[in-house]
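Naming follows writing order (A, B, C and D), and every chain is counted from residue 1.
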Amino acid sequence: MPDLNAVVAEIAEEMRQRTDRGEVATYIPELAGVDAGQFGIAVIDADGAVTAGGDADVPFSIQSVSKVFTLTLALGKIGDRLWRHVGREPSGSAFNSIVQLEYEQGIPRNPFINAGAIAVTDQILAGHEPREALGEILRFMHFIADDPSITIDEKVAASERRTGFRNVALANYMKSFGVLQNPVDYTLGVYFHHCSIAMSCRQLAMAGRFLAWRGKNPTTGHSVVSPERARRINAIMLTCGHYDGSGEFAYRVGLPGKSGVGGGILAIAPGIASIAVWAPGLDSVGNSHLGRIALERLTKRMGWSIFGD
Amino acid sequence: MPDLNAVVAEIAEEMRQRTDRGEVATYIPELAGVDAGQFGIAVIDADGAVTAGGDADVPFSIQSVSKVFTLTLALGKIGDRLWRHVGREPSGSAFNSIVQLEYEQGIPRNPFINAGAIAVTDQILAGHEPREALGEILRFMHFIADDPSITIDEKVAASERRTGFRNVALANYMKSFGVLQNPVDYTLGVYFHHCSIAMSCRQLAMAGRFLAWRGKNPTTGHSVVSPERARRINAIMLTCGHYDGSGEFAYRVGLPGKSGVGGGILAIAPGIASIAVWAPGLDSVGNSHLGRIALERLTKRMGWSIFGD
Amino acid sequence: MPDLNAVVAEIAEEMRQRTDRGEVATYIPELAGVDAGQFGIAVIDADGAVTAGGDADVPFSIQSVSKVFTLTLALGKIGDRLWRHVGREPSGSAFNSIVQLEYEQGIPRNPFINAGAIAVTDQILAGHEPREALGEILRFMHFIADDPSITIDEKVAASERRTGFRNVALANYMKSFGVLQNPVDYTLGVYFHHCSIAMSCRQLAMAGRFLAWRGKNPTTGHSVVSPERARRINAIMLTCGHYDGSGEFAYRVGLPGKSGVGGGILAIAPGIASIAVWAPGLDSVGNSHLGRIALERLTKRMGWSIFGD
Amino acid sequence: MPDLNAVVAEIAEEMRQRTDRGEVATYIPELAGVDAGQFGIAVIDADGAVTAGGDADVPFSIQSVSKVFTLTLALGKIGDRLWRHVGREPSGSAFNSIVQLEYEQGIPRNPFINAGAIAVTDQILAGHEPREALGEILRFMHFIADDPSITIDEKVAASERRTGFRNVALANYMKSFGVLQNPVDYTLGVYFHHCSIAMSCRQLAMAGRFLAWRGKNPTTGHSVVSPERARRINAIMLTCGHYDGSGEFAYRVGLPGKSGVGGGILAIAPGIASIAVWAPGLDSVGNSHLGRIALERLTKRMGWSIFGD
């Protein structure tokens, strides 16, 4: 097997030099203003050793990557009853499509499209105050990343709320079918905030470790979910983690992963590594352009694809 | 690790006894008349050792499982140019949906829905006579399964052709967008015939070995595709192999797989095993009901999920 | 020609006796509680003579019939620029469908589906306070009906707002495309209120007179719109006035008309009569069941179809 | 009222001079080769007086205008049972859309989109030989136009059949739902042929007279349909006669009409006139560009809109 340090360094250098960087999300000023020239990568192995490259310690808005963690938290709270409110099939459409909701009676296809993540957030909220639910989500992030310094970027959250008409539409549409149980404003408040969590690649890779090692953080020994649940979350990441580019990501990278419009991707090599990459520029379906390429390089060089070495 | 022989025997016994057997496909008499009480399983390891259970040697109509082999063959013939004619994203809809074709200018979403497999078949045909193309497909099956006894069930093929109005519609629709290049009748003739190949679980698991072992049959040493291509075909099987139940299959079974309405499923545990199951009764989205359950049992007991042990 | 008085009396009597009355709308208590046994009809001729039958003087919630009047008002304010925000083609789908909005970039198909009427209301609002816009709409109703007693049922408006998640979704969805220009809450506030105007058949038929007589109330002589605009509004009523039952209404009744879920229908026989019917029970596509039948009887007996006598 | 002769002459002259002529259909050479500079108009009144202008005697391919006549013929043969096989609502989509068929179980929305007209043709065929059905259609055309010289352009029919993959798809798709009863090739053979009938404006306006005068040709006295059926066919023309431009046609022209991709339009002013226009260039939704404008001029000048004078 090639040397991971060398591979990561090479990848970081290639990504630093590439001029095809995709397009930074522009719908809120906080994302539009991010320097597209940045790239970070962090790979953590079973022993907790971190191999990092580029801007691995620069915090960014994790956005939809948070959906992995809220899914995990919601499954922990209500178990498989969650699947009454959200499916687990690929959507075959854009992250914010509303068409499918009409054809399927307000039940979102999976927890990783916006509508699905809103439905998951609604189950976490479960009658509590938004502030309490947010506190719970943040404590969960601290626990799984073993890092109490992780916070929400309130400016991002405020911008999301101010401009998130499409998400307001999705939420109200589900509410009209009775899929959401809390006041729409409450659910969306929590949703916009957890999407606004800021983390570095290092922190994000740390937070994802339980998915790589049978539901447990192998360093702290903290158990987050059962091995079966970890496998199943990975499966959903593989089939649904990159919106309408999920097939492409599986085809090229070959790892379960979840992307966010902030340019971050969390990817899991089960039993081998938890990986986070970040490059703010997006491709045409809304996934980090260089992030995906970096992961493709990494899995190919290291032979980490789950589909064969 | 538990003993594979014991696990397979237990699974075969459980499946023999279960009364929930799904519904046998009824659209042609040859499938409608199949005894729903049957169940077969065959698992082949790297050394070529076969662990079989139930009706593992009864031939059945492989139907859409053939799409894996025609995809492999087409990639071998024209390489990545194939992707000009078919995508590789999950469809989010039924195996025979035509809606997506209208929205995406006649390009099918992936090679494992009917429209996509017809487009792939059209590329194999490539100006030749249907008879020649069929001969090539059959020789390819003989080669990868190392078994020249595999044949097409002509009665099934004739029935498919007589009743396949939906597929005729899909093919003509693609033709209207210029996606198909041969006469529609030719392409469909080949398509209906390769769907009518009859194989037993043992033969099917044999044929799938190149996907488990880096593109090569580890016994004969025959190279079918490159390791990268084998991984990529597995990736498409994982995301798209079970129509609108692909997410569910990934979630429960955790292996790349491809199902057919004849009740067969080919599943691949990369580096570990090539597996075929068969139970004629289907679930609501058209995949083998007991076949899926059997695979779920197998991967759980053996720890073979690609998403973690 | 048969005697109108006799025909109206016969129709009112038949409708009183019929036991197939459709289903009263149940989404808000104010509509759910309406007695389905009621039926009213009022026909006004060029001279202002009113032929009434049944419960012609009982006020009901005009709901979507108000969309005719807000369309007229908006065209009066901004003219054909209105058509930048809304189309004028039949939708081929339900009154509250959101699917079409996604495919057509947030531009509703016509002013008589909910999304379209919300877009029209947004143009009336045009930066003013909701209270002012509502005042303007109400004054317009008083003017065209020559009746200052027409009011809004505030209880209905409050219920609409409390339960109108689907409309909130539609409005936010359009807002996300930039189709709406005012704060969504403002626009919806005005929309929910004008849908809650209460009128009797007699008042409604009075309000519709300008559409039957070249844009003018033939009694007061007040000009509301140009003759061409009156014709065009009638044309939109004919093609789009009954949601996904517009074709059926044209086929059976043969007059431009607009229905509301309160059970009212305004129908126009150009040059001959302005007609209002009311029966609270709805058919499967949301139009008044007996209202449509009554109009079918009327036009057939009187030879008033615009499609030939 | 203005002088019809003068109005028609003015319109013909304006249309001759206009340089915006739309785009001639190019999918078959026989249509692609038609000179876009041509324009014809013929207006026939109750007495049978013809006011013609431009190329009113040049035969053109009536294409989808034939759908009015096959609908009439099918209703004459099986009456309202026809509506089991086709609806009568506007489609809200393109003339050859297949999406709606999937959502509505193979039942086309109305007889004037391609799928609907194919379903109507299937009912005319009704077990007979294609040749017989075609003979019947042609005799019907001779009867209603009182002109035995009307024929089918066999070259057009052959081209339609050779290139009509989309229609083959629609027909097979309906067949898969059991909506078509004859062999698909038979039904399509008849369909392609009746679309290939060649007529001049003068002949077409003659053929439409029964729709303007209560189901009867006022000159010959021949009764074609009942007055009610004539009204109803007019209603369907108004709501569905121009594909996804039906609302626009109603809004601008205000008459029931049916267009064809050959550039012809038949329009009916009930009780007043039967009108045919022809200009080969089409607008973006497939209707004659100058044909529509000419009709708009005519109805405005003559006050013939059914929506008010």
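Note that contacts are C-beta pairs under 8 Å (C-beta built on N, C-alpha and C of every residue); 3 or more make two chains touch, one makes a residue touch a chain.
In UniProt terms the chains read A, B, C, D = Glutaminase.
Given the structure is predicted, the values throughout are model-derived calculations rather than measurements.
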Note down the smallest number of touching-chain steps it takes to go from chain B to chain C. 2
Name the chain whose C-alpha centroid is most distant from the C-alpha centroid of chain A. D
With touch defined as above, tell me whether chain A and chain B contact each other through largely the same residue numbers, more than half shared, or through different ones. same
Distance between chain centroids, defined by C-alpha means - chain A, chain C (Å): 47
Note: chain D sits from chain C at a C-alpha centroid distance in Å of 32
Junction residues of chain B - those touching two or more other chains: none
Chains that touch, pairwise: A-B, A-C, B-D, C-D
What does chain C use to touch chain A in their complex? 97-99, 101-103, 165-166, 168-173, 175-176, 184
Chain D contacts chain C in the complex at 87-93, 100, 109-110, 211-214, 227-228, 230-232, 234-236, 238-240, 244-248, 250-251, 254, 256, 270-271, 300, 305-309
